[in-house]
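Take a look at the structures below.
Presented sequentially are two complexes of chain A, the first with chain B as partner and the second with chain C.
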Partner chain A sequence: MEAELREKAKELLGSGEIGVVIGFGWNKRKTRTTPVFITKAEDTDKLVFNAYCVNNLSVYLTRKYPDVKAMGKAAIVAKGCDIKNLAVMIAEGQFKRDDTYIIGMTCSGVGYKQELIEANGGELKPEIMPVKCHNCDVRNPHISDAVIGETTDFTPPEEPVGMVFDKIKQIEAMDAKGRFGFWEEHFSRCIKCYACRQVCSLCYCDRCITDKNTPQWIDSSAHARGNFSWNLVRAMHLTGRCTFCGECERACPVNIPLNVINKKMAVVMEDAFDHRSGYDPEVHPPMIVFDIENDKEEFIK
Partner chain B sequence: MSRIGVFVCQCGNNIESTVDTGQVASDMKEMPGVVFSCTYKFMCSSPGQEMVRQAIKDKRLDGIVVSACSPHMHEKTFRKASESAGLNPYKCEIVNIREQCSWVHHDTTKKIGTRKSNDLTRMIIERLKKNKPLKKINIPVNKKALVIGGGIAGIQAALDIADGGREVILVEREPSIGGNMARLSETFPTMDCSQCILTPKMVEAELHDKIKILTYSEVEKLDGYIGNFTVTIKKKAKYVDESTCTGCGECMEKCPFKADSEFELGLNKRKVIYTPFPQAVPNIPVIDAPNCVMLTKGKCGICAKVCGPGSIDFEQKDEFIEEQVGAVVVATGYDLMPNERFGEYGYGKIKDVVSGMQFERLASSSGPTGGQIFRPSDGKVPEQIVFLQCIGSRDEAKGVSYCSKICCMYTAKHTMLYKHKVHDGQAYVFYMDIRAGGKRYEEFTRRAQEQEDAMYLRGRVARIYERDGKVVVQGADTLSGTQVVIEADMVVLATALVSRPGADSLAQKLGIGYDKYKFYNEYHPKLKPVETVTAGIFLSGACVGPMDIPESVSMGSASASKVLALFSSDEMAREPIVAAVNKQRCNACWDCVVACPYTAIEKEEVKDRQGNVIGWNANVNEGVCQGCGVCVAACRSKVVDLAGYTDEQVFAAINAF
Partner chain C sequence: MSEELKKVATGFEPKIMAFVCNWCTYAGADLAGTSRMEYKDNVRIIKLPCTGRIDPLFIIKAFENGADGVLVSGCHPGDCHYTTGNYHARRRWRAFKNLMDFTGIDETRLQFSWVSASEALKWVDLINKVTTQVKAAGPFIEYQGLSEKYDDGLGELPAETEGESKEC
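Moving on, here comes the complex of A and B:
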């Protein structure tokens, strides 16, 4: 699979059509993979693909990285789940489908955290896979220019399984006070480092609303009010858009269960709008779309 | 430092009874930036306005706050006064201390009302400090109008606009203009023949050099905004070349195939190549494609053989026409609730149960019976006839909750028409109430009862069934408290007037509102009855709700006067309350584009000096923007702002609370 990937990258860089291949490469000790930006055909051997490749590289195609954009047309190594983000970005006009070459990787799951795989002697066991992998329906990439790897045969369970779903049920069973207490406790740890925002390819705004100060919309203090403001705004701004790639929770240094918020909002969106994000690059996320014709509610018409 | 003046109105006793306006004025005077304050009995009166103007000049005010009634009432008044005193009108703000304060508080010690008036005024003073002077926006006006629907309302609007010297495109879905009025026999309350008063108008429209009639056509798309609409019209293939057809009718004569006539509501047949009625305008036939043997099976073609000028063209295709117009009048009329909905009254099962409109055709001298009342089943003259009012109307459960308004009148008319044609016949009317408001209307329904022998029974009909060639009507007469059984020969149902199928999708194309019955919404039911929420689009006739001909005609003329006023100058000024994007910060995510209900935001290319596209941003079209602010809420990075309601202004107000 890696050989095939390197071959493809070589071919793309050689053709002159592609300026940079964004992919995964080993760190020095081969205990982690990190993003690599290959611009020369002779460097393509640095590309790897394995269970350590948990990062969602789509963030490097956002306006947050003008230096990557300056390298020319990009080819990106992407798992099915990463492609979902690309689809949302295309739907939201961040780039055109033709502007990026998608090297879709067939996938049999990754580790939730790279250190867990390392601790496991480099082996991927189901226990250390994130919830998204257990329920994955895009192990064979759904949108791509080339697919690398053999078609995998995996049917996700009909009812999604995993800790996140258990937690959602648990929280739903609480009363309002209990729920508020649950989140208050978690949000109280937030240190406003904005790592969740930085790692998210759908938090691509040039200037985040939290950074707007004329006037100041969001209280930026790292106290209860500011923490709630930020976390609620983050959740709302990603509703109907978040693809549940899990990068924010992975990046969070104080372990706020962001996956739970994100998934809950996704479930709400599916119920309300029949929408699952990341599957169709032609469909703008529905939260704010003015669409009288297809609205389910009569009163609005 | 600002120089703000605060004017607190007593509104006679309307405000003063629960608000100590003197106290409010003196409290506000203490606020930083306020240099003048006063109160007055009626600030909106001439002396009141003069006080405002004087103070602006004498105290060199750079902004004023008027604490009075709703801005809906007098914002315009005070902005005008400001302007005439040399102050930018958008530096004048209104605080509503009447509807939102004095009227909802009953504390005559005035404590609560005064405190709340202070709070509200203080907020707006802070807001005003952030107001920027704004200038009205001028947009060019294209002086051509589009009228959709060629019923009497649309014809009237078109004629009046054209007589005012402006060009009109009249789009009609059917092969002829005329609408429902063309079907009517005689019209209440004067009993003149419908066709005789309608057809001269149809011909006038046809011959008017400022009117272009497009029949068999529909509006496919409307883009743009007031003064500058682009309309795409779909002109369905008629398979007849309109430029050469002489309207001789030879083709209709010779066509061997027939289909049910839509115009005659199934009471009669028409040819497959047809005009809906003899006085059709334009008098050019169309081929009913699904029923034409030539078009479906490639056989026949007789019409083409007999046509002298060779106008038949089986190859003709639907055509799309684009036109630029400055205003639109929607006059698409009404439909009748499908009678099939009323199984209990035997409609569809019993041939001699017909609708009111079918009765119009039977009574019409140009109808299928030549104006003789024959019943459909066997052509017998009905000796007893029963009319049922309120079929589907005022019936939340099975029909619609509103009153169809004209049925009382036309049913009375029907009983008279019947009596005039069947002298020994007896008409019965089952009714709930008689609603005959209108000039000479009450007299008209009375005449039906008192002079024309119609028997009016107040009550509902429970059942209708057939027995021995009779239609038996079983009902209650609630006035005498008896059960009534009438062995009638024929029954006429006054079915509810409803909106046209597809009225909603047309509204969506045009961007106008409609109610739950899909009748179009006026901007204001009393004060702006022909305007819609979308500037430049006006309403006329029964597409707004059930109405009769005089009302439809009035609305047609009213819309025309609005259009002509709009077309009276080359440019129009509009409120500058529009959104603007901070383009340096725009992420080109298009959230605002998909959120805007008026499609006012477009995707704009960003180019470098060489003209290469290097990016995109959103751009608000000032002509289309209605200032609703949805985009401001939608934008995740808050780079859209609404002039007159900027974030800074809103925050300043909130923070002052």
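Moving on, here comes the complex of A and C:
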């Protein structure tokens, strides 16, 4: 698989069509993978692909990284879940489909965090895989220019399973005070480092609402009261767009269960508007369109 | 509930923020006023051009600055002055309502409504209903209490932010 990937990268860079291949490479001790930006054909041996390849590299194609854009047309090594983000970015006009070469990787799951795989001796086992991998329906890349690796015949369970779904049910069973208390406990830990925003390929605004200070919409101190507004706004801005790649929760230094709130909103969007983000770059995100006839309004009195 | 809070609760008059659109609900509220209809004075109205202009952040900010309840209202579907603003709002509200519900701010504190320019009676009923409802629910101590509960002397909101809601 890796040999095939390197061969493909070499071919792309050699043709002169591609300026940079964004992929995964080892760190010095081979205990983590780290993003690599290959611009020369002879460097393609740095590329690797394995269970450590947790990161969603699509973030490097956003406007947050103009220096990557300056390297020329990019080819990106992407798992199915990363391609979902690319699909949303294309749907939102961040770049055209032809502007990026997608090297789709067939995937048999990655770890929830790289340190967990390392602790398990470099082996991946189901217990350390994130919820998205257990319910993955894009292990064979759904949008790509080239597919690397053998086709897998993994079929996700009909009813999605995993801790996130259990947690959603558990929270929904609480009363309003209980739900508020649950999130208060988590949000009050937030240190406003904005790692969740930086790591997200769909949080690509040039100026985030938190950075605007006339007026100061989101309180800049990491106080529980202002933390609510940040975390709620982040969730709201990703509603109908989030592909549940799980990067925000992985990046969160204080372990706020952001996956739970993101998944909850994804479920709401699916129930209300029959929309699942990241599957079709031709479909608009549900929050920017409307349906006069079919949008229900039973909650509007 | 502590004794002190009970005392607060007994003489409690809720603060309710109403985010309304200029063309329908505000005109409806205006009609209620010019028709000399009486309704609960707990409501503070903020007029916006359209329901499509109502950013969910406004609502969060209202709660953050001490509102006990929030009401959002605009033109009935099909009546939007800007043709489609309320259709967009309707979608956004569905998402936002669910988000707020999931984080413990349920429909007792956050209400959505359509009130047209001629529905002064509906506006009066709505305000009375929402006021009673929020009064029964009591002050929103969970949110408002966050300031003191997590006060480490570092995380105080600047004074002018505190005052924002009082002006309206």
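Keep this in mind: the second predicted complex is superposed on the first by the 289 of 301 C-alpha atoms of A that agree within 3 Å, B and C clash if a C-alpha of one lies under 4 Å from a C-alpha of the other, contacts with A are read in each partner's own complex, and residues count from 1 in each chain.
In the analysis below, contacts are C-beta pairs under 8 Å (C-beta built on N, C-alpha and C of every residue); 3 or more make two chains touch, one makes a residue touch a chain.
Bear in mind that the values here come from a model prediction, so they are computed numbers and not experimental data.
When the shared chain is aligned, no partner comes close enough to touch A:Asp274: not chain B, not chain C. Of the two partner chains, both chain B and chain C are touched by A:Ile209. Shared-chain residue A:Glu293: touches chain B; no touch with chain C. Residue contacts after overlaying the shared chain place A:Thr239 against chain C, while chain B stays out of touching range.
Once the two complexes are laid over each other on the shared chain, residue contacts for A:Glu185 go to neither chain B nor chain C.
Of the two partners chain B and chain C, more residues of chain A are touched by C. When the two structures are aligned on the shared chain, A:Trp217 is found in touch with chain B and with chain C. Contacts of A:Asp99 after superposition on the shared chain: neither chain B nor chain C is touched.
209, 217, 288-290, 292, 301 are the residues of chain A that lie in the contact sets of both chain B and chain C, per the superposition on chain A. Of all residues in chain A, those touching chain C in their complex are 171-172, 174, 176-184, 188, 209, 216-217, 219, 221-226, 228-229, 232-233, 235-236, 239-240, 261, 264-265, 268-269, 272-273, 286-290, 292, 295-297, 299-301.
The touching residues of chain C, counted against chain A in their complex, run 56-57, 60-61, 64, 77-78, 84, 87-88, 90-108, 111-114, 126, 142-143, 146-147, 149-150, 154-158, 161. Of all the residues in chain A, the ones that touch chain B in their complex are 63, 92-94, 204-209, 212, 214-215, 217, 237, 284, 288-290, 292-293, 298, 301.
In the complex of the two chains, the chain B residues touching chain A come out as 504-505, 508, 514, 516, 585-591, 594-597, 603, 616, 630, 634, 636-639, 647-648, 651.
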